[in-house]
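We call the chains A, B, C and D, going by the order they appear; numbering starts again at 1 in every chain.
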Amino acid sequence: MNTESVESLPESMTLWQDAWRRLRRRRLAMVCLAVVGLYTLAAMYGECVYWWYRLHDETPPYKRVNLAEQYQPPSFLRSPFGGRETGRMSSLERFLHGLKALGHHPLGTDGLGRDVLQRVIQGTRIAYQVGIVTSLIAIPIGVVLGCLAGYFGGRVDDFIVWLYSTFACIPGLLFILAIAMVVGKGLLGVYLGIGLTMWVGLCRLIRGEVIKHKERPYVTAARALGLGHFRIIFRHILPNVFHVVIVTFTLRFPYAIGTEVIMSFLGIGVQGEPSWGIMISNARLRLWHGVWWEMAAATAAIFGIVLAFNLLGDALRDALDPRLRTGR
Amino acid sequence: MALSEELLRVEDLRVYFSTERGLVRAVDGVGFVLPKGATYALVGESGCGKSVTALALARLVDEPPGYYAGGRVLLRGRNVLEMEEGELRRLRGNEISYVFQEPAVSLNPVFRIGYQLAEAIRLHRRGVNVREEVLALLKMVGLPDAESKMKEYPHRLSGGMQQRVMIAMALACRPAVLVADEPTTALDVTIQAQILELLARLQRELGMAVLLITHNLGLVADLAERLLVMYAGRIVEAGPTLDLLRGPRHPYTRGLLAAVPRLRSVGGEVRGIRGSVPNPLRLPEGCKFHPRCPFASDICRRVEPEDEWDGERVVRCHRWREI
Amino acid sequence: MWGYVVRRTLQMIPTVLGVILITFVLFNVVGGSPAAMTLGRHVSPRMLEEFDELRGFNKPLIFGWWTGTRAWDAAAFRRGGMHWPGAAAADGGGQRMAPGEYELRTAFELLPETVYRWDISFMEGGGAEVEFFCRGDVVPAGRTSEWRRVDGEWRRVLWRGGRSAGRAKVTVRVGAEPAGVLAGLRVRKASVMIRDIRLARRMEHPWDSQFIFYLRQLFPLELVHGAGGGWRLAWKGVDFGVSYATNQRVSRMLRDGIIPSLTLTVPIFFIGLMSGISLALVCAYFRDTWIDRFFVVFSVALMSINYLVWIVAGQYLLGYRLGWFPVWGYESWRYLLLPVLVGVISGLGVDIRFYRTIMLDEMYKDYVRTALAKGVGGAGILFRHVLKNAMIPVVTNTVIAIPFLYTGSLLLESFFGIPGLGYIGVNAVNSSDVDVLRAVVFIGAVLYVVANLLTDICYALVDPRVKIR
Amino acid sequence: MKAPATQWWRLVAPAGLLLCGLTCTGCGGTRRLDTGAASGEMVMYGATARIRGFDPVKAGDVASAMAISKIYEGLLQYSYLVRPYRVEPLLADGMPEVSADGLVYTFHIRPGIYFQDDPCFTNTAGRGRELTAADFVYSIKRVADAKNASTGYWAFRNRIVGLDEFRKASQGQESTDYDLPVEGLRALDRYTLQIKLVEPYPQLLWVLTMQYAFAVPREAVEYYGESFLNHPVGTGPYVLKAWRRNYRVEFERNPKWSETGRKETYPREGAAGDAAAGLLEDAGRPVPFIDRIVQFVVSDDSTRWLMFLTGEFSTSGISRDNWDAVITESRKLDRKLEEMGIVLAKTPTLSIYYLGFNMDDPVVGGNRKLRQAMTCAFNTEEWIHFYNDRIKRPTGPIPPGVAGYEERPALFPYDLERARRLLAEAGYPGGRDPRTGRRLELTLDLGQAQSPEMRQSTELFADFMTRIGIVIKPSYNNWPTFLGKLERRQVQMYRLGWVADYPDAENFLQLFYGPNSSPGPNHSNYSNPEFDRLYERARVMPDCPERTRLYARMARMIEEDCPWIFTSIPLDYVLRHSWLRNYKPHDFPYGMVKYLRIDAAARRAWKMRFGG
């Protein structure tokens, strides 16, 4: 088919510009990007709240118990524009009153009277932390080991392949749980558990790519110029395989979030902070009695971010690496 | 030649592709007539649209992204482009069949050769002894030890043999038209000659019409009766092979011929064509060749030339008489 | 072919060794007190030590001459846990001790005929002198020149003031009558700060370690002196130890758990495979139409729903609200319907996407065009040509998933009360049941390695292009 | 023709097995839950926690103890109906003769008690033999055997003459010699057992009702070896029919009872009000009533609740989250449930839940004012509200219903002002640590992090403390890790409960006895020479007013010193279906299932009306 040759026609554009252009043309991808942006903002806001209260040495509102307000449904279900006390108000006053009521626990409260929305935002903060920190653990390990294995081959390759195949053959979730058990409960356990299992796939991909690129003329040329091995690997080959890292990152991010949720739910994840998994776990029992909003909020939050990242990851993969295209 | 019966007529064929970057007019107004038993060659640089033209003859272009924007392909008077799916299926492999350029990937890797041949026979012919027919076909294309080769998987054969199998498969139902899309590109030079020879022999024996698609002018000189030169989705020049090779009229054909290295001109320079194939998304105004044409004048930049007939020869150029 | 299998089997060995190493390292640093779990609420240090001894928990990890003893809790002192009569409370990470005599009272009497070592570290002496003394049936070990025997007790000066920090080690051998053995410190001239006192016991053999113990459980080959006088190797059967949470042999727990796991995962596996492939074929057949696009979005959406949500929603809506399925239990096949359904649906998104990618990759291959040109119809291309080629990645992907059948679906089992290996695994995590967890992980890993081998063999069987040397 | 047939089987057999696996193993040879009644058999279904085995020496957890007590029996048992609790003879023929100095106990054992039939009795070709005094000697020795790592050795340690020596001898590699005589533990003749004590041990009678003193036949232990804990062989009302670990356990009426003509009867004597409650209707009738007991290991609250509602389980607790659906504002049972014939029983339990301070910790251990301040800041009312009134606030270490408990106001009741004042006196004005200028931060360690109720109530407690300016940092652990930390004294604060082993204040007060410090049960490492002296005195005293006064005085000392914040005494709310008869809540319900009866007709009728 000639479309291939059509698309590879020269245009003075870097890979990244080209990818961005492809991406921008996808409406769905842009929507996802916007959603991810929203979540990022929420996470940053959550981080600010957290640190503000931390620095002021005060208890943040999402941890403050108010038993008088427990199990309040979301504000939009509480008929904010009606109610008894609005009887003698003018319509404008009533409207303003309604707005204020809408802003009061918009997603309801949980069993200790804490605002669900605030807790969902804090959950976003935790989810982002988990996604980012696990990537910060997994990506350097995966990239460095993958590059070394692919480039040097021989003994180095044997060792690294042995290492990752050993890691790969241990059942995933159990391995993560076990690591978390060793490190101890809490975020550190989550980070290490997920991070130390996530590098394997990346390492394998990078190794494959590097092996391919090692044979390319530009590497031979660089070698002919007498460049050092590490310079060749990290200055010449790595930029050419870095799109693999980007795509892996976007596809692994939701995985990390989902795993964190499961770990927290099982009680070996985040401790003392409102994570989505903990919210689901708290809300589960009340669900039988119709208190659905805490469960729904956490579930929807997870669904949104994971869906956005999944779709974005697909689009990115299509844009960055047409050979890996999965079709539309 | 002119007396021959008309078999395939292509009129103003237009095949466009809608890609992410825009519309690609891969084939834009191609027309020719292929008589029964004749061998025509379609030549041009890669990307000029010749493969798409070939595929369009049996409506094999992937839709989407491609679509047929206009024109007709008449095989024995019936328009292929308007056929029902079932009718098309009966046509393909039966009346018009193909030999593709890379036999290594064009054969299904997980089926035995015998099966793939038999499939072609079973689809269109009833009441024949399939096994014997397969053996006969393999013998016909000169495959030694046909009996055992039948049971082999494609990857166990050499490139030349694979291409012979492809040809055998194409000939399984004695088609009226054989389209050979660069059948020799992926092969060694020595094998190339064998395959072309084989094609020539089979064409003589079976009396079918052959449309040979190639970018290599030298190869087709002996084989084809008529040359069709394509550039940017259009046939820019056509005519009997010898006439055309001796006296090319379109500047593009001239350029192509000049670019063929000749033994005689050792030490002489090989001249190519300036510039490169234009971006199909942004074809120039007027004559599509004018940016690379040494003879381009003002009119070439503005107005697209029409076909000009001169006996059996056609050319699309404003200034062919002048140069 | 056989040569290939043998060679690949040999290549498995390093991986299995790696797994052994990882599982050992991982699970031997796990915190927690199995002894307290087993022995109940009324424990004493002595009982703990006896328990450790029984289970080999007090051995060194891989190699070592010295091992800790519960007779003296190493951690207690640094946090100020020790109170000698007359000594001030601990502060600044140490215990200040005024001149006087202090007994190092152990929680229980030491073992007879055993070598013990006190390891004491000091800080800012300020001119103090510290002497170690030891009474009873005990002999100093190590350099004897430093020891003096006075008044029926052994004495040794450990610390003379002037230094800002330091530590001293005292080694003694307890005799046959440990009952009267008493050690202590005498502080003279000025007060001294003691940071830490540890007591260690000497092993008879440095390789008498937990790692070797573990290896010998996994590779229970033993040299046995045969009846005929010669030596021979005997295989004693793999032993995964005893679960302290259930008091059961781990191997037996695994045996009991495997059937329920399989009854859950095998249906999930096959139904998932079938539905995944058929939906992927639908996608491939209708590629680039709205049906295909719908399935793409559908599968990504399915993928994005957390496993937990499926379980909770399944139990709540289908089990409780609609009453279609039993919510919990493992009594008859009806109890498996809901977990199987949840398992299939939660895996469907990934499956559809994966198989669709494979199918579409194949759809754009050149041989498809050849088949089209031959006149093969859409269905023929899809089911004959494409499917057979797509089976190569499908089969390999499938075989590699088989070991995960064994561990079952961790969450499914624990939430639907299916007493399989996943359930056992989660329970083991929650109760730090190291032996069980280690065995589950280990067997899972070994199965994975074997499945890898099978995958390669299958690959060779399915794909005629792969040559086996 | 034969070859193809075998070939065919080879193909079909695995597939068939798989199919069987799918269907048969699923049902495990059992019928649907509710069909047992149809055969005229009286079957009871219920939930249980995971059972760890049927070896009485390892009956450390409630679930195992409950299961073991269905099969094994001891010399004595608690009376079912009488309150306050009292022991009565079971396998013993009357109460023991006690020497004047309280050191020698002589028991006569009922003749004609037989163990169940079991292949382990090789001498009698599998027929169960008669129980003798030697069986008790053997069984208690088993508890002392170091190799058994029994959870119950504490009950006899330093108590029975010569038993500690036996334990010492049982250490080491070679197998334990059970023929080694123990002076304080002798079978005088076939039916007479003599126990000699080192010092007076008035709690011995309570101890002898516990699983650790149950009679185990030596044949079974030796026959089954390591798997003895899967093969219980006892004298009790039930035998183990089937056991799928982690999932399901089934008991069946012990056929040996009818075979040997053994008769146990329903008690004729009850506490006040029992007759009115219909608890004496079956007085004098032979027990057990129920033929078959099936229990499931359901770890999930909501699942258990659902199975109760559908009538599969005959009793259920009420979790916090089910509360509103079950109990009305006025602490009555919900009307709808009442109409379904569900009955609510509510009693305080003999247990105390608390937040302990590690007295070794430099911050909280040395600062009594700080601990008192935190006790004052503990908002009892909100705590009880959070638990939906399912708890009572304890005032001291002795729960009500036990001698030594005093009905009086707490020394440090909820009082924020006082808490702030005390906190300032403790050196943390406004909660600020003057050294850092920030709020005082304390770490609270917990086990069982997976329970949402645990987590949420901890967050509530943390909130109480922030009101006086102290930050609580919870640290969740799994249970063993938590115990490990306690054992190594690595915690600052911790959350735990104590369920009584027997109804005697001594059992609670020993939690503060210095020598019992971690790893012993005194996890607060509380050490007070005065308290220790009183404890040592009270421990050997028989039940008398003076001892009760001593207990009360000790409890006051503890309350004053605040090594714990006493948080709750759970009220046991149990729901049962009306067709379950003779149910009375009991703090030590081990072996009491034999008194329960199911009204089969009533259950059938109920099922017709309400069962899905």
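By definition in this document, a residue touches a chain if its C-beta (ideal position, glycine included) is under 8 Å from a C-beta of that chain, and two chains touch if they have at least 3 such contacts.
This is a predicted model, so every value here is computed, not measured.
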Original post:
Pick the pair with more C-beta contacts: C-D or B-C?
Top reply: C-D
Original post:
What is the chain whose Cα centre is as far as it gets from that of subunit C?
Top reply: B
**OP:** Could you say which chain's mean Cα position falls nearest to the mean Cα position of the entire protein shown?
**Re:** C
Original post:
Per the centroid of Cα atoms for each chain, what is the distance between subunit C and subunit D, given in Å?
Top reply: 30
**OP:** Please report how many Å separate the Cα centroid of subunit B from that of subunit D, as a whole number.
**Re:** 89
**OP:** Would you mind pulling out the distance in Å between where the CA atoms of subunit B average out and where those of subunit C do?
**Re:** 65
Original post:
Per the centroid of Cα atoms for each chain, what is the distance between subunit A and subunit C, given in Å?
Top reply: 28
Original post:
So which stretches of subunit A touch two or more other chains?
Top reply: 181, 184, 266-268, 284, 288
Subject >> Multi-partner residues of subunit C (at least 2 other chains) >> reply: 31, 288, 320, 429-430, 432
Original post:
Of all residues in subunit C, which touch subunit D in the complex?
Top reply: 31-45, 47-48, 50-51, 53-54, 70, 73, 75-76, 79-81, 83, 89-91, 245-249, 253, 256, 259-260, 262-263, 266-267, 315, 320, 323, 327-333, 335-336, 414-415, 417, 419, 423-424, 427, 429-432
Subject >> Contact set on subunit D toward subunit C in their complex >> reply: 18, 21-23, 25-28, 30, 32-33, 50, 52-53, 55, 58, 60, 146-147, 149-155, 157, 171, 226, 229-230, 244-248, 296-300, 303, 306-307, 360-362, 365-366, 450, 477-490, 498, 519-521, 525, 527, 612
Subject >> subunit A to subunit C touching residues, read off their complex >> reply: 162-163, 165-171, 173-175, 177-179, 181-182, 184, 254, 258, 261-262, 265-268, 277, 280, 284, 287-288, 295, 299, 302-303, 306-307, 310-311, 314, 326-328
**OP:** Within their complex, state which residues of subunit C touch subunit A.
**Re:** 14-15, 18-19, 22-23, 26-27, 29-31, 287-288, 293, 296, 300-301, 303-309, 312, 316, 320, 353, 356-357, 360, 403-404, 407, 410-411, 425-426, 429-430, 432, 437, 440-441, 444-446, 448-449, 452
Subject >> Residue ranges of subunit A in contact with subunit D within the complex >> reply: 57, 59, 63-65, 67, 111-112, 181, 184-186, 266-268, 271-272, 278, 281-282, 284-286, 288-289
